[in-house]
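In what comes next, chain A is part of two complexes: it sits with chain B in the first one and with chain C in the second one.
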Partner chain A sequence: MSAVMSRTARLRHPVAGTLAVAGYVVMIVPILFVVATAFTAGSTLRFPPDGLSLRWFGEAVAYTPFMEAVVSSLQLAVLATGLALLLGVPVTLAIHRGKIPGKGLLEGLFLSPLVVPELVVGLALYQQLMIGLRLDNFTTLLLGHTALLLPYAVRVTGASLALADPALEEAARGLGASPLRAFVTVTLPMLRPGLISAGLLGFVTSFNNVPLSLLLQTRDFRTLPVTMLDYVQQSYDPMVAAASTLVLAATVVVAIVAERTVGFAKIFGGINR
Partner chain B sequence: MRARSSLLLLLPGLAFLCVGFLLPAVAMLFAPPGVSFAQVLERMGAMLTDPYDLGIIWRTVRIGLIVTALCVVLGFPIASLLARSQSRWSGVLLALAIFPLLLSNVVRTFGWLVVLGSNGVIGQLLTGLGIVDEAPQLLYTELAIVLGLVQLFLPLAVITCYSAVAQVDPGLDEAARGLGASRTRAFWSVLVPLSLPGIVVAATLVFAGSVTAYTTPYLLGGSSQRMLSTQLFSYASVTVDWAAASATAIVMTVLVFLVSGISTLVGRKGATA
Partner chain C sequence: MTTPAAELVGVSQRFGSFTAVDSIDLQIPRGRLTTLLGPSGCGKTTTLRMLAGYSAPTSGRILIDGDDATRLPPEKRNLGMVFQSYALFPHMTVADNVAYGPKMRKVPAAERRRRAGEALELVGLAHLADRKPKQLSGGQQQRVALARAIAIRPRLLLLDEPLSNLDARLRVQMRAEIRRIQSETGLTVVLVTHDQDEALEMSDEMVLMRSGKIVQSGAPRDVFPAPADRFVAEFLGYENFLTLADGRQAAVRPEHLRVLPADTSAATSADGGIVLDAVVLDVAYRGVDLLVTLEATDPAGNAVRLLADHRADTATGPTPSAGDRVRLLAPEARLAHLSADSTAAPTAPTTAPTASTAPTEGIS
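The block that comes next holds the complex of A and B.
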């Protein structure tokens, strides 16, 4: 009883409580204002909005550069996430199940894209691949995004694999299953939560990325966040608020999927050291 | 698994990592297009003596330190309240703190344009209440960048501190309370020291993120409040000064590595102490 009392009392600690409330205000309130201004009937970004309408949602959906960018960003995110998982899962298997020297070093190497600033990586890819080797920007973006997502694929699926008992795979092999069959029927199901987490995190990371993609844009292939940034710089109307609200709605859907599959709070568990 | 099959599993991922990240990053240092490494070094030397460039470096470091301090001061109380609360609301509050990590930085930062802009919420509130005659300039200031970055990185601080606090046995703070320590004393002499490694990790992640973020200084700082990231983009894309772009990239990367290195040392010392 006293334990419960002291816990409730701690919740009401005035200084900690005030700081926590301030933190939530900074994290959440600006997002709410974006949604509120998206429904304005007027033509300026202001709060309170001048009347209510869905006008800007219509304009955002009808604005070709945004819609083309949505398609481009979806393509890039799906392909980069798929590739990162295809390349990353074998790496995880080799690191956790293989008999090779320098595992720590190898894992560090695959996590290294997280350490170098993304803008710097973007500059390097722009200079060396797009200008130097004359690769087209989609290929360069796909290479860069896949390399950026590899750490997620390796570490998050690795966290799942570390929990799985290798004896189960050995048992399957002992009972006559081929290595491939043992992988598909035993290892893969154990990897499922890690694969879903890494997939969701990877997709969201790629779809939202600005610093890496920024220098790799061309007129033919532009990603959504960069297109939105450019639009804000040119004109200051509520269309971006409407587009942002649509992105927010899509993100809520992703969060719900995450909650239903692996548990929302858990999907970040693997990447945090 | 034999060493040869492990190697086969590693190779495709390794090849991708090299082409999409490692080789371009190394090549950028030594061979930007049409510029020698000596010229990059020379430009870097000039950068470290030029008052304008030094001002940008100092602003970047200053903003990074302020944002880090604020994120720890706001994030740790949120994390400790959530980790220690038994209320059914704590799950909802945790989800609310994590959700922004999935949401586009452009969308999150855009909210501050609505809050701080000339027709923004704060300006309207201040003039409407008759506190000031003319709305103060809030956008394109360092304050705007700091607010935007705190919003961006607070969720990261919360989730990192949360896992640290959750690992501290609640019995220990109960014991301190039982032995007569005040709530505040139990917080400072039990919870904070035992969660310190997590706090150091959170601070490092926030600092590294803040000094390399692009979207926030671009949208909220404009051209008057340049940081290393916006300056790098301008060199690479507006003035196409490869030597300066590479030099800025090196300064930025060294800054991040330096702070990560210091934090690893601090963490190790904390672990042995």
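The block that comes next holds the complex of A and C.
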């Protein structure tokens, strides 16, 4: 509802409209530059590109550090998202349906990673887990990413739950469902759009994360963004642009799937509670 | 006497320091329709929720079919609850909603479908079985909720303000509809409402609540002419309150106060009613009748403002107009003697001189 209102407001209001267009330009134009340079036939990262070829895509796919990093990033993102949902859903249920005192505090606690700078979190994790507890770097990164995604999981699934009538679960119980069956047959279907949204959002956030991954990287486990960052520092060829374009294409595919399954309005409506 | 379908024994519910339901004793007669009636916030929903098992009483016991059910979770009570919001499962079809209860009871699929069909038939919605709840009108959703609750063959059917979300016409239709379903199925029904007309029309037994306590209960025919105290009287639409010569309080309805010419002899009151001299303050035309506002002195000598419905077609004497001096007759049979104490019997005489300061509570 508020999304619709702000959209019409934006269209009507000339200043807001101009700002919105400017916002899209600032966001989209650099992406277009990157995509364009990725198709160059030349060997420098330059716009406009020298000729047209798919050469750098081939190079990017054949470049082992990138491909290894993709696998690492995917592993990390999938696991961290899964963990965040596994932890986040019970927390959401406790906040929205539980009869526990201090709900506000609990909610605050689980949303705090949103406001604490990631570098601080990363440093804390580095000192406590890697140095203090001698956890390996993948476990530490996984914990760090999970913490990073938890607020999204709690917030987005919470938004779905807040929309659902609490009497639904009570009705299910009254009709003979145990608490667990009521959860599986009634609450979970209500949570589905929230779970999908939170999952996608979490996955993308983890996959693109730089600060935490940068702090907690080691030689044998590096995520894609960190690897690309390293690469850019050493050489300036269009392979990075090609890699970025591939990531972008994958993201677009995910976005389309998301739109088809739950719809963007729902996903982002879920966040602006 | 058979065991009541359900019974509350000294049941209280406290939320922090606030007592929402205060040690009530209540028996729900089997196969009857009992209404819980009272103003907003008096604890009706809280009582129903304790009966259904959604919240445990702070103290007291709940018996269902004579067995202690105080600690039984809702899924083990086998009660059919219809929520005010209907609470239909939005991701299931109407048929699946209604079959949900039997499914949880592990009834085989074919039998489930048959029972759901039967319940939908009962509420007249068999043709909408494949719709989703969102595609139904409010009244239809309400019937589905009813069918869903009936499909589990519940020991009691609990309805929390089932008609409050419907428009006025539909509400009146559904009163009869719920009564029909009740008598066809022989179910024991507990219905929560804050509408006295609804309660009067539908109940076998009505239970009036106020501030977490039961003030009066009984069949509408017994309760309506004899409200226990001023609160109940006001809630049931009594507008006029008098203090009698002996200090007792009495209430009379506007339609029972007769406006007579000033020279009517006091002998008219041979039937034992009260005759008061009054001045007409205002006359409002209402179609079927005139609403006459009067000022009078009651038998105890207090100035009181009274309302009388004057029906030109049945009333004797001239039509009153503002400024007229008239005589008012309140027939004895129409006087409801009130008790100052909410818990006392309706006709118990009150000697307390404070009767005229009986509590007046806002009613919604």
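Note that in this section the second predicted complex is superposed on the first by the 246 of 273 C-alpha atoms of A that agree within 3 Å, B and C clash if a C-alpha of one lies under 4 Å from a C-alpha of the other, contacts with A are read in each partner's own complex, and residues count from 1 in each chain.
Rule of thumb we're sticking to: a contact is a pair of C-beta atoms (placed from the backbone, for glycine too) under 8 Å apart; a residue touches a chain by one contact, two chains touch by 3 or more.
Small disclaimer: the values here were computed from a predicted structure and weren't measured.
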- Clash or fit, chain B versus chain C on superposed chain A: fit
- Task: Taking the C-alpha centre of chain A as the vertex, compute the angle to the C-alpha centres of chain B and chain C, in steps of 10 degrees.
- Result: 100
- Query: Should A:G176 be classified as contacting the first partner (chain B), the second (chain C), both, or neither?
  - Reply: second
- Using the superposition on chain A described above, determine whether A:L168 touches chain B (first), chain C (second), both, or neither. second
- Winner on chain A touched-residue count between chain B and chain C: chain B
- Should A:T218 be classified as contacting the first partner (chain B), the second (chain C), both, or neither? neither
- Message: Going by the contact rule set out at the top, does A:P189 touch chain B (first), chain C (second), both, or neither?
- Response: second
- Between chain B (first) and chain C (second), which, if any, makes contact with A:S43: first, second, both or neither? neither
- Note on the structure: Smallest Cα to Cα distance in angstrom from chain B to chain C after superposition equals 9
- On chain A, what residues does chain B touch that chain C touches as well? none
- Quick one: which bits of chain A touch chain C in the complex? Just the residue numbers, please. 165, 167-168, 170-178, 181, 185-186, 189-190
- Message: Using the touch definition from the top, list the residues of chain A that touch chain B in their complex.
- Response: 3-4, 6-7, 9-11, 13, 15-17, 19-20, 22-24, 26-34, 36-37, 44-47, 83, 87-88, 90-91, 93-94, 97-100, 106, 109-110, 112-113, 115-121, 123-129, 131-132, 143-144, 146-148, 150, 154, 179, 204, 207-208, 210-211, 214-215, 225, 228-229, 232, 236, 240-241, 244, 247-248, 251-252, 254-255, 258-259, 264-265, 268-269, 272-273
- Item | Residues on chain B engaged by chain A in the complex (per definition of touch) | 1-3, 5-7, 9-10, 12-14, 16-17, 19-25, 27-28, 32-33, 73-75, 77-78, 80-81, 84-87, 91, 93-108, 110-115, 117, 119-121, 124, 147, 150-151, 154-155, 158-160, 163, 174, 177, 183-184, 187, 201, 208, 212-215, 218-219, 229, 232-233, 236-237, 242, 245-246, 249, 252-253, 256-257, 260
- Would you tell me which residues of chain C are touching chain A in their complex? 52-54, 73-75, 77-81, 83, 85, 87-91, 100-101, 104-105, 148-149, 152
